[in-house]
Amino acid sequence: MIVLFTDFGLEGPYTGQMKAVLHREVPSVPIVDLFADAPVGNPKASAYLLAAYAVWFPATTIFLCVVDPGVGGRRPPITLAADDRWYIGPGNGLFELVQRRADKVRSWDIEWKSERLSASFHGRDLFAPGAAMLARGESPPGPLREDDEDRRPHWPDDLYEVVYLDHFGNAMTGVRATMMPSEAKLVAAGRFLECARTFSDLPVGTPFWYENSNGLVEIAVNQGRADHELGLAIGTPVELAA
Amino acid sequence: MIVLFTDFGLEGPYTGQMKAVLHREVPSVPIVDLFADAPVGNPKASAYLLAAYAVWFPATTIFLCVVDPGVGGRRPPITLAADDRWYIGPGNGLFELVQRRADKVRSWDIEWKSERLSASFHGRDLFAPGAAMLARGESPPGPLREDDEDRRPHWPDDLYEVVYLDHFGNAMTGVRATMMPSEAKLVAAGRFLECARTFSDLPVGTPFWYENSNGLVEIAVNQGRADHELGLAIGTPVELAA
Amino acid sequence: MIVLFTDFGLEGPYTGQMKAVLHREVPSVPIVDLFADAPVGNPKASAYLLAAYAVWFPATTIFLCVVDPGVGGRRPPITLAADDRWYIGPGNGLFELVQRRADKVRSWDIEWKSERLSASFHGRDLFAPGAAMLARGESPPGPLREDDEDRRPHWPDDLYEVVYLDHFGNAMTGVRATMMPSEAKLVAAGRFLECARTFSDLPVGTPFWYENSNGLVEIAVNQGRADHELGLAIGTPVELAA
């Protein structure tokens, strides 16, 4: 299975052209759109989201990841193997948390060159063909690398910020719920947030936080939109209540 | 064929994770996104939409339906067979109109338990695995039920409200066009609306109603957006002109 | 491969119903969403976009194209063969630039009638079944036509207007970059725009134009949204700086 994680949107030409490459190269491999609305141009917020969601997928899954504001510039294109899953995309920090949380990590430079490599769409011209190679069982197309250059050691293990707003207006943070003290309260946008198990445990209109279905701390309002009602955006800080 | 009917959106992680389950469980079964933007958290409006669109699909189609504001709470998870099509999802009224309009209906509780059942994402952890079972030809995973508990006998046969705004700003109502008197006029948001056969029958800018391609009364403006120009939203009442 | 080019959006019922037809008729043929957000009701802007993107695809690709504000009216439904690719959709100018730029063009009327042809959804009832016929290797369902009636000889070879705003706020124009004088400057919305190779070549916040990955002149702001920052919309004129 090839899983797409991008900030491309689905409706325009970018996701479709990547899929056209994959259909041509590996027609029998299923393709799943995981996120097409990762935080735009924001590899840091995306890195926490990717790490939380990738572990849900089975071994051998290939993640084709493109959140790449520096496309055409000097960031390296890389392939990564982490705990039996594959990742391919820009070495701009996007894989930092996947790498940090994995028991076993190896990474490779991508040295294979496409016949036509556009300056602005490596997702189509470099990473999708690379993902197809991995799906065919070929070796990563480039030499093993010391995986230090593209690492971000100064990023925290959990990011106390909003990293994603979903279709319902719920706000995911970069914090794993398992790292939270039991029954802890949070503060976001000046509001105290109690912990709940799920939406239906609280009165309509109450803001709260809960462990979402992939283990992240998520801020929600029962039958409301947390983004609008609390004024949350990507990057809004979240903290433990004193 | 498995058809998805949800309020999840396509770009975030929910639809993708459900599809990942289906690809793993029943890789050869095609999956179609029918609605990913059903009225958010609104099983009632969704019920009229689902009933109108489901009958277009062939026998044996499996509808995986999630509009589920009470996820994690007490509404029952159910499987439904109605006129040779299958439905799986929350028993919160979402299937009321499908049941009411079908000649032959049976329903089952879902008693199968997933290895990991999250509190907030039964679409992925319960309903998608259940849809896969049906697609493999297995029996519904639970006992036959008296289908009275989750029924909504007080809901009308046709809902004189806007139930959906499409990509063009057209407003679908919960009213079947066959239930309308011939050449009837409607009133919505204080405007009289004549009946027309299709867009190109009217001057540019004229609001009107017509029978849409799935039999619902739909309000549109030729080459305009009915939602903005008339001020329509989900729930806006529609009535027959006196 | 069947490629969808529409203004339908992906989340509502239109794209899904077309795909349901294709899955039923030609289950083994991959379907790719190229554009589901072509300029709404605007076959002219769409025509320049389609012509630029179609040539990226391999021979034998079938483009199922619906940007069709006149559906149900008098515009002819047509099939087109242009340089070994197939196109099916409304004869309303949508294929004008594909035809004009191809070396070898033939077109056919569609005379096949669906069992149930709705007045407003020819994408599902006429064009999708037609695309399936082509995918099965059948002949176009209708007589060869003189392809003059639906032509738009007065449309320019390149359209100096914004024809598409992407997910990032970048503005594609209807101008092929190869038609631009080398290092030319553009003016759009009162701003001078230098040429750059790609995003990362310029300071953050600078607006510029560049040749996009499918050869169109595109206006962008490094790590910003050109649409908001410059006030660009579909139809905004673009001109060469004096």
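The first chain written gets the first letter, and so on, giving A, B and C; residue counts start at 1 in each chain.
The rule is simple: a residue touches a chain if its C-beta (ideal position, glycine included) is under 8 Å from a C-beta of that chain, and two chains touch if they have at least 3 such contacts.
The structure presented is a predicted model; accordingly, all values stated were derived computationally and were not measured.
K.L.:
How many degrees of rotation bring the Cα atoms of chain A onto the matching Cα atoms of chain B, given to the nearest 5?
P.N.:
With C-alpha atoms aligned, the rotation comes to 120 degrees.
K.L.:
Please state whether the interface between chain B and chain C is built from the same residues or different ones, using more than half shared residue numbers as the mark of same.
P.N.:
Mostly different residues.
K.L.:
When the centre of a chain is set as the mean of its C-alpha atoms, what distance in Å lies between chain B and chain C?
P.N.:
Chain centres of chain B and chain C, defined by C-alpha means, are spaced 30 Å apart.
K.L.:
Multi-chain contacts in chain C: which residues touch at least two other chains?
P.N.:
9-10
K.L.:
Give the list of chain C residues in touch with chain B in this complex.
P.N.:
These residues of chain C touch chain B: 7-17, 19-20, 23-24, 27, 40-41, 69-74, 118-121, 124-125.
K.L.:
Across the complex, what residues on chain B touch chain C?
P.N.:
Touch list, chain B to chain C: 1, 3, 9-10, 30, 32-37, 53, 56-58, 164, 166-168, 197-201, 210, 212-214, 223.
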